[in-house]
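Okay, so chain A shows up in both of these, paired with chain B first and chain C after.
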Partner chain A sequence: MTQTTAIHGEKISLLRVLGPGHVWALGVGIVLVGEYMGWNFAVGKGGAIAALIACWVAGLLYTCVAMIDSEVTSTVAAAGGQYAQAKHIVGPLMAFNVGLFLVFAYTMLEAANAITLGYLVQTVGSMAGFPETHDKPFIVLTIMFLAWLNYRGVYATLTFNLVITAIAFVAIWVLFFAVQPWSSVYMKHGELLTGLPYGWLGVLAALHFGMWYYLGIEGTTQAAEEVRSPARALPLGTMTGIITLLIAATMTWYICAGIMPWEYLGQAVTPLFDAARLTDSNVLMVLLFIGTIFSTLASANGCINDASRAWFSMGRDRYLPQVFGAVHPKYRTPYRSIVFLVPVALVFAYFAPLDQVITFSILSGLLEYTYMAIGVMMFRQKWPLGTIKRGYVHPFHPLPAIVLLLLCSATYFAVFLGYGTQLIAMMVFYIVASLWFALHRYKFVRRGAQFTMPWPKPVGY
Partner chain B sequence: MNNFQLLEYAAWGLSALLGLWMLIDLIRTDRTYSEELLTSSQEGEIEDALVIDPTHQGGHR
Partner chain C sequence: MAKTPYKPPTQSAIGQTFDTFFLLALVLAALFVPLYLGLAGGGKTMLELKDTSWTGMGQNATMQAQWEKLGFTPGPKTEENATSAAELIAARFDYAFDPVELAVTALVVLGYFFIVFHWSRKEYRDVIDERFNGKK
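Coming up: the complex of A and B.
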């Protein structure tokens, strides 16, 4: 017998089955692909030393993001992450924009990962003597398989991410020790580091791709309604995640900058895999190839998880049609949102060029971080310490928020140097979307019901 | 036809199957349950008290 209507008071919610390990896997899984590929374009912009400076400056930016995120999320534990935070702290229009930033940042990143995976399979085909291998079937299969996995349940999805992310992370460690960083057998930093070929402007330009080392770690917050203990698991998973990435980023730079000249490294597609090839070890080559594939899969997988939660939350609040706020009764996932975003990802993965897709993702992420800096200052002002229960309190406030704002401004400039037209086009898109929300959509929103946190009135209201 | 062409066809076929599976399940779920129940999730429900799993109530099979 099937149950077709709700018994009084009965509700279907997302399933709370995740632990801190899953949160770590979600955050690091989305990002680790940036260590395997992408970060090295920072080398092309300003040389290897500029890429190291960018790595650490972006690391500082993301440490601020992780600290701020941990405090706010341990308080606003809701699917949608920064969207739900913006709704409670700033207001509906900001929340709508942040929701869109999240969905586009993750969906574009998912498309970029699928394109990359297709390219890798195509490369293997060419190396195996089949130069006419197509990438498209594998791009589509990546998106469809991961969407299906996400549809079937969050526990299996993020356990899968945990395993493949851990393997990809261990592969970097193995390569690090295999190249004997304590000796000069492979490492030639003394010969290969040539200062700043494009001066300090090159360092600034490198910031654009320096973000690639960490972009997406803030996605841990999307699991807020699916972790068993949000106040503990979210800060723990996020902070251990950023520590993992800082270590992985520095090791990656050290290996690659010491084994390849910057002129090659700056345009390499798979720098860690190339480093493994230079060691002449078949075992390392296979391991790093597997690491590259796994990190790409983990990233796309986490992106589907996060984009669908953000879309779902907006549907639940009627910021978008309410149909997207549905939860699958058996699998307990936002199934309609997952299915709806599949064609969106497919269109971008199939038709758009990789660098445009990546830039769209970076810019959406950057807008989101800008909100986070402003949001946390408003959060502390409206609800000072002691007025509401916080699972984690980040230190040195407002310094992290100010640093984050300054670094975001510098990175906007860096992006403008390379992709000014895209930056302006995207701003126009978000302005048009905001107008649609304010003039048309907001009348459907249940204005009282959207604020769900049992907080006291904010100071000054 | 070489091995990679076979793999390509397999990838297309598997993609179509997975897509079809999701679509059929989505339609079946939407037909089986009321919209009120499917969209009953609410933000901020940290306690389990009111949240009932229909699979444990003789629900979806």
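Coming up: the complex of A and C.
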């Protein structure tokens, strides 16, 4: 299905040019930066061992997300991903909220990437004898350059992502083998691991940032209208993506926990780059500098792609002002949505601390996963197996949905521990936005046009 | 008889601009209100370190070597000793919480999902009625 938008009376659609490799690059490209920064705040919340447990528990959470997502996405293949799915399964207000979850999870992640890139350039500038190097110009340049790239076209953007993501992934492997994990030349886990400084409560608290290893993998669905074969490419790209990330996350933890004290690791901005510094190898330092820069660029690039598609889809459906539902007549990209989200990312990247920005992103992701667990149960109830054609059927239903719901509940508590105010602030934001939609915005929405799939009437209606 | 589809009003350019800025203001408020009120990151605390030598801060020889490689020094943080590791080592989360606060937060999250799913169900009925218009 290709949905279109009218520009000057002409119907223009997004281009179907992407393959499974691009889907993998979109998913992993957004998330791989989670190995380069942010995950280590889990060490700060519970210690290094707690962060490893959080890494695997969060991996289980995301395996449930990927299983559920693969079934629903391969059946509802439309731009906007989970937003389009919520429209068909739950209803307009939930869809509006899911659209906002996506936009803010990705825009905050983009801001976090720009902060990290700016910090790294400033650090390396100081190390290279330029102490006056300032991070802010690099933050602005990164966001503006990537927005321009996205404005110009999706194929070039995601091909660029494919290349730089692959380089960033290889850099982690090179560092892993360079620190000789089979010996104690660099790895000092025995001397550096200090048990659980906060006890088992710290393990639970660490789940908050444990999500950062994988947050955004579900973004593969945003390319649904631009993929040549959605039923094959989307599940394949998502599943290989989650496997890639599980491997990279475990290697990253092993390197960092074995080379630096947990008090430093728990507050570091660029832990993998710091690990390379501790090896005294200039080659590794340069490689991990490049890897960090590339991973932040790839992630920010994918985030702009995904956030703008979700914003565009909501504009096209009039959930937001319809001015955002336009496709560029020449580049065939959602250019107005891309441009609108630039100042939002800039303000967050320029003024907010990194852990706050990451927390906003994680909370939006968490709300989205909670919806997905309930949404897939409603999906199976409204269209039982055999009533519609599914590209992929996930096994053991409803077990993955129940596990996902339980893990989400635990993670809300983890965020509450230390970041309770942000949790409430975010909830107030979504409650006010929901009231605004239900009481004001919904009157501009065409009712029947919200359901575009060629399916029978849902059971119970 | 077939039900007449709902015809939404066309929103003016001014209305669209107002809606756009309203959403923008809402997003910025969600970030900056906790920051300006000093409530963000309120769950952090600092250990009182009486002895800020490496051993006094609980750092063994390996840890000490790595801190030094990273450019940090022992001792209290002062203008002359700006590279001190003391603040990083002393930083802790305070996980003591009020059960009432936890209950209120849980209620807000649950209430939010209940309202959104409940309201969506009513809107979804309109969508299905109009899309299928009495057909199966």
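We adopt the following convention: the second predicted complex is superposed on the first by the 451 of 461 C-alpha atoms of A that agree within 3 Å, B and C clash if a C-alpha of one lies under 4 Å from a C-alpha of the other, contacts with A are read in each partner's own complex, and residues count from 1 in each chain.
The criterion applied here is as follows: contacts are C-beta pairs under 8 Å (C-beta built on N, C-alpha and C of every residue); 3 or more make two chains touch, one makes a residue touch a chain.
These numbers come from a predicted model, not from an experiment.
Engineer: Label the relationship between chain B and chain C on chain A in the superposed model as either fit or clash.
Structural biologist: Here chain B and chain C can both sit on chain A without a clash.
Engineer: Touch test for A:I431: chain B only (first), chain C only (second), both, or neither?
Structural biologist: second
Engineer: Check whether chain B or chain C contacts more residues of chain A in the superposed model.
Structural biologist: Looking at chain B versus chain C, the one contacting more residues of chain A is C.
Engineer: Tell me the contact category for A:Q422 with respect to chain B and chain C: first, second, both or neither.
Structural biologist: second
Engineer: By the touch definition at the top of the document, which applies to A:H397: first (chain B), second (chain C), both, or neither?
Structural biologist: neither
Engineer: Using the superposed model, determine the angle chain B, chain A, chain C defined by their C-alpha centres, to the nearest 10 degrees.
Structural biologist: The C-alpha centres give an angle of about 110 degrees at chain A.
Engineer: Let me test your reading of the model: by the given contact rule, A:R232 touches which partner, first (chain B), second (chain C), both or neither?
Structural biologist: neither
Engineer: Once chain A of both complexes is superposed, is A:Q322 in touch with chain B (first), chain C (second), both, or neither?
Structural biologist: Both partners.
Engineer: On the overlay, how many Å separate the closest CA atoms of chain B and chain C?
Structural biologist: In the combined three-chain model, chain B comes within 13 Å of chain C at the C-alpha level.
Engineer: Where on chain A do the contacts from chain B and from chain C line up?
Structural biologist: Dual-contact residues (chain A): 322-323.
Engineer: Could you pull out which chain B residues touch chain A in their complex?
Structural biologist: Residues 2-5, 7-9, 11-12, 14-15, 18-19, 21-23, 25-26, 29, 32-46, 48, 50-55, 57-61 of chain B touch chain A in their complex.
Engineer: List the residues on chain A that touch chain C in their complex, please.
Structural biologist: Residue list for chain A touching chain C: 44-45, 90-95, 97, 104, 188, 191-192, 198, 201-202, 205, 259-261, 263-264, 267, 274, 277-278, 280, 318, 320-323, 340, 343-344, 347-348, 351-353, 355-356, 360, 370-371, 374, 412-413, 416-434, 436, 438, 440-448, 450-451, 456-458, 461.
Engineer: So in the complex, the part of chain A that touches chain B is made up of which residues?
Structural biologist: Going through chain A, the ones touching chain B are 1-7, 9-14, 16, 77-80, 84, 125, 128, 130, 133-134, 137-138, 140-141, 144-145, 147-148, 151, 225, 230, 313, 316-317, 322-323, 325-330, 332, 335-336, 338-339, 342, 452-454.
Engineer: What part of chain C is in contact with chain A in the complex they form?
Structural biologist: Those in contact with chain A are residues 5-6, 8-9, 11, 13, 15-17, 19-20, 22-24, 26-35, 39-44, 59-63, 66-67, 69-70, 72, 85, 88-89, 91, 93-95, 97, 101-102, 105-106, 108-109, 112-113, 115-117, 119-133, 135-136.
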